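What follows is chain A paired twice: with chain B in the first complex and chain C in the second.
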Partner chain A sequence: MDVVSQLQRQFVEHATSLYREGYLDDQFTQLLKLQDESNPDFVVEVVSLFFEDTEKLLNNLTTALQQESIDYKQVDAHVHQFKGSSSSIGAQRVKNVCVVFRNYCDEKNLDGCLVCLEQAKNEYLLVRNKLEALFNVSL
Partner chain B sequence: MGLKMQGHHHHMVAVSLNSDQQLGTKRKYTSYVPRTHQGKYLALWIIAFGFAAVHVYRCIDAGHQQRIQEGLVSMCDQRARMLQDQFSVCVNHVHALAVLVSTFHYYKNPSVIDQETFAEYTARTAFERPLLSGVAYAQRVLNSQREDFESQHGGTIRTMANKEPSPHRDEYAPVIFAQETVSYLNLVDMMSGEEDRENILRARSTGKAVLTSPFKLLGSHHLGVVLTIPVYKSKLPPNASVRDRIEATVGYLGGAFDVESLVENLLGQLAGNQEIIVKVYDVTNMSDPLIMYGRQAQYGDLTRVRVSTLDFGDPFRKHQMTCRYLHKAPISWTAITTAFLGYVIVFLAGYMFYTGAIHIVQVEDDFHTMQQLKVRAEAADVTKSQFLATVSHEIRTPMNGILGMLALLLDTDLSSTQRDYAQTAQACGRALITLINEVLDRAKIEAGKLELEAVPFDLRSVLDDVLSLFSEKSRNKGIELAVFVSDKVPQIVMGDPGRFRQVITNLVGNSVKFTEQGHIFVQVHLAEHSIAVHDATSDSCLSGRSDGCQTNTLSGREAADDQNNWDRFKHLIADEEFPFQVLTSDGISQNVNLMVSVEDTGIGIPLHAQKLVFMPFMQADSSTSRHYGGTGIGLSISKCLVELMGGHISFISRPQIGSTFSFTASFKRCEQNMVTDPKRSLYDELPTAFKGLKATIVDTKPIRAAVTRYHLKRLGVFVEVVNSIRTVASVLGSGQPDMILVEKDVWLSGDDMSNIRASVFGHVLKSPKMILLATNITGDEFDKAKAAGFSDTLIMKPLRASMVAACLQQVFGTGKKVEQGRVMANGSVYLRSLLCGKKILVVDDNRVNRRVAAGALKKFGAEVECADCGKAALDLLQIPHGFDACFMDIQMPEMDGFEATRRIREMEEKQTSGSVDGSCDTGTTTEWHLPILAMTADVIHATFEECQKSGMDGYVSKPFQEENLYQAVAKFFESKTATNS
Partner chain C sequence: MDSSTKVGMKEEEERPHVLVVDDSLVDRKIMERLFTNSACKVTTAENGQKALELLGQGEDKHNNINHQGLKINLVVTDYCMPGMTGYDLLKKVKESCDIKEIPVIIVSSENVPTRIEKCLKEGAQEFILKPLKQSDVKKLRCQMQFTQPMKGRLCMGR
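Now for the complex of A and B:
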């Protein structure tokens, strides 16, 4: 019991630090709320889905932006997906990068897009590390 | 413009700027004023009119000069003529003398004239020759005759110059007769003087009077001329030759003209003598004119001269007279003044035009600038609204994080202090969210994005709900809070209950906040009725104002609006023969115009702040917000909402007395058959168990009694009002009441209740129920009331029909379990009850989103299926299917949410029209209509309209949040649960 409550406290502290640093937002809270006895691995499941999706999307984006003639529509669709899933799990810094990314897409600004892609990758890795740490704590 | 632009939210600002610039160019006005070089125009103007002025001056001056010149000419000519006349008169006389000499000296022999006679005669006729200083007769003496002559006259011939005996010459002309004035000429040879000699020679050859050139006369220093006339010894024919004449000559008659004194005399006789300078010249030799009169020096006005020719009868000599003005002609002041003044006027006019033009240009420029600024301000305003909406929305997200975390925190083990802190933080957070929602509301209204619903709703239950919100507060403060809805207001109207509630809540909330004692009274009447009654009663009330009609309010305290008292209220509730009712109820008018007023007896609004009341973020002063809190945005939102509802809001307020806010709102009349809708549960079902009961209200205050009666009437209770407990018995004639409701203050001021109860109802078997009505009550009073006979119940105000019903149930013990009404359980419990067992399809191409949505819905007990694109959703939704709702992502590849929804609706339509009879076994609804809710991350831009266009029923903001989900889902499942249970 002690261990459980200690772990819980640790989890909460960690999660709070993530909020404070802006990695996560309210949506993550909502996700946590959705997890209950009937659905114990919900958050982990969603987060790992997010990881998988994101890896794929980042790969797609990288290749799409290396093409001779860039299909910005395609890039935009990818970024939209990325934005959707990141906002769904509450990874707001990733989401914010996506918003900027889409603006560059609209302008067809290749340099901007590349910078954003790099940022998105970084943010993703950061949030991924944080989330992994969080779940290691909680598991 | 903001409205026009609604479709293009992303580019709103840019587009609006552009369009306004176009607008600006379109509005180009034509300016008739030169925009530049006004100074040059002015200079041109001044120069042009300078020339004009000079011209005018010249024109006027020329006339003037001409008049001066004419004056000179006429004066000069006059003088010349007179001089000439006098001169010729003299000459004629000398001529006559010549004739005299020839007649009496030569024709008579011996001569009858001697020196003596001649002197006598000439002296006596001197007046005839005023110009001649003297006349003398010289005889022609040849050299051969000299000696005879000298001996005859007893003297020698002398020369003129030195009076010496003359040397030998061919001939001589010694004077023999002389007037006395020139007697010194006797025997002086006239031919010895050069001038005289020539004169003599010329005279005898021409036979006419001749003149010398002017010279200094001997006797005086005056200039003069000598006139010489020949005397012949015989009469000569007119055509005699020069030689004949010389031969015939015997002597010469001469006289000296003193020209100077002659002219002097003459001029002295004439007017204007002082003005002009007259000179007389001998101009026989044109190149060397000899002066005869006047000074040689040139003086006087040299510019103007008149020359008149003089004819003194000597054809050889020519004379002329020149006249000048002594002074220069005076400058023509008239001309100068006229020209100058005219020029000054024109100059001033030019300057006026100049400054005018500069001013106009300036104003036009300013106007232009202002226009541009206006455009920018408008653009900025739109941007501001957008910004507000976006920012509010963005603030909500982290705020929800804070609240969520606080909720999580409260779930952990906390000490009581920590819990207290956390709860306080949570409460503050909630308040902040409310504020942000208000700001968002306002921003939405300003951006024109707020749309009103049109659903049927029960006005009275909305008001009851609002009242229940504030009942706690009003009870604590001891304020009487009451609502009254006129009977003429229909039960169900079409409109936006949420927004209507928001306005009422806001007004009542304000009133509760600012009222410490007295009452808050909400009334709803038909607007037409209210106005009619207002017109009818305003006169009577004005006249009866002095007799204290303002105290006849709900609580007896004075209210801000004097006329909103019992006198008027009486008319409002009693006026059964209301003409407008016919008009509105027979279906001609589809609109129900309501007049809602909220009257309080609070602190009122200071006069200086009354103008600002509806401005956002304005409170009476900063101390107000310190005292009472709040942002002051509520009233401005209320104003916007009321205007959206087709009405207007106004207020009357008197400081320290209270405020009365009233607004009108227009709703649609609801068709009777629409009441049978599934949306029936939108209004309260009041229990019908009390129909037919009779009640007596004991109350001294008529308005309060009317309110109580209104609530009882809604329950179907017949009501009688009396104003004291004593009179209860007297009205018993109409049958014994089932209950007697007594106001606390009536009871407190009245007699002991138990006695009355005994005395009045003692003989009756079943005594009526005694009910006490109170706003607040202390424990002591409560005990006392129980003792006094109010054992039955105590109804705490504010009254609400449902609450009164509940109390009556308790009193009458009606065992029937009455429906509890809607339990507006907020939060997940209610959501769970709505969603439990529902089969819901989630369509989203994003796996993560799909999973989250599914998770959220599952949490509330729904059965969730997922589809990853529009096509898959269409497959799953082939009719018949078992889904209760569908959540649809809007932006999906291939087929987006709008398109998918359109297809689904098409499918449903086909099915409905194809198999009308076969549909009854497939589901509860008679026709297929699957609620489809859009999921979008962009709440601001996804307007309800857009969703509706493609057949969607609503939208949920993404990511899912409980409250949004609740709001969206409740609309669709609420009715179903109501009908199912």
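Now for the complex of A and C:
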């Protein structure tokens, strides 16, 4: 098997396990379909934007939840954005945490929010590691 | 000029021009790709104000030499945006004499029936749930009626 096919097969195997374990959903497949010879770096570019966006959002969320008097509407706005971007790239587990997170915002439940923030950070780091590994395999 | 070049030029002129409005950079990038893949020309804007400026409806429209704005055939806007929402933008488009004919699609990650109704009532052509798929865009592409200026040129032959 030549190098290219070998790499392609590794990519597919690796990606499949990410779907199976729920890290990625069909939306990620949609992004892969948008990549072609004229846009060979599309997925890497979108995923990189997602990482940058997320770092900012997580910082904003951490700050917002440290305030004396918490503005839950603002917290919810950040989580909504996070839910949107993670949904757009197919980061399913991150998105699911955001759904729970928003419920706690509605309830103005600080403990719940803090737990979700931690979970969101963890899930983000997990999917980030896995996506970085995935693209290293395909290069 | 061979025939393939002629076809290329014709296609360039006939590509509908879509204005994508979304505060999320990730979503702007994805939608741009989706529409470009469906043979559309795409311009993006990060908020309603910028969108209106591109449409020639900015606050300084009377001073703006290019007050006609871009020739946009379709506006696709996110609903939830800080400041001017997609709904507010829709209203402004539909209230304007110059651009009210441009179809406006609202996209949203939230399936809220009252929200959908409100937008459709205000004249949105369609309300689509995010994240958008290629199949959604293909459908839109087929539905798109667009008026392109003739630019005084006729395409003879094929």
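The rule we apply is simple: the second predicted complex is superposed on the first by the 138 of 139 C-alpha atoms of A that agree within 3 Å, B and C clash if a C-alpha of one lies under 4 Å from a C-alpha of the other, contacts with A are read in each partner's own complex, and residues count from 1 in each chain.
Note that in this section a contact is a pair of C-beta atoms (placed from the backbone, for glycine too) under 8 Å apart; a residue touches a chain by one contact, two chains touch by 3 or more.
These numbers were taken from a predicted model, which means no experiment stands behind them.
Chemist: Applying the document's definition of touch, where does A:Asp25 land relative to chain B and chain C: first, second, both, or neither?
Modeler: first
Chemist: Mind working out whether A:Asn39 is in touch with chain B, chain C, both or neither, as first, second, both or neither?
Modeler: both
Chemist: On chain A, which partner's contacts cover more residues, chain B's or chain C's?
Modeler: B
Chemist: State whether A:Asp53 touches chain B only (first), chain C only (second), both chains, or neither.
Modeler: both
Chemist: Let me test your reading of the model: by the given contact rule, A:Ser5 touches which partner, first (chain B), second (chain C), both or neither?
Modeler: So A:Ser5 only meets chain B here.
Chemist: Tell me which partner A:Asn122 touches in the superposition: chain B (first), chain C (second), both or neither.
Modeler: A:Asn122: touches no partner chain.
Chemist: In the superposed arrangement, what residues of chain A touch both chain B and chain C?
Modeler: Residues 27, 30-31, 33-34, 39, 42, 45-46, 49-50, 53, 77, 80-81, 83-85, 87-89 of chain A touch both chain B and chain C.
Chemist: What residues of chain C sit close enough to touch chain A in their complex?
Modeler: By the definition above, chain C touches chain A via 23-27, 29-30, 33-34, 37, 80, 82, 109, 130-131, 133-134.
Chemist: Under the stated contact criterion, what part of chain A meets chain C in this complex?
Modeler: Those residues of chain A that touch chain C are 27, 30-31, 33-34, 39, 42, 45-46, 49-50, 53, 77, 80-81, 83-85, 87-89.
Chemist: Please name which positions on chain B make contact with chain A in the complex.
Modeler: 397-401, 404-405, 408-409, 412-413, 844-849, 851-852, 855-856, 858-859, 889, 891, 893, 937, 958-962
Chemist: What part of chain A is in contact with chain B in the complex they form?
Modeler: 5, 8-9, 12, 16, 19, 24-27, 29-36, 39, 42, 45-46, 49-50, 52-53, 77, 80-81, 83-85, 87-90, 92
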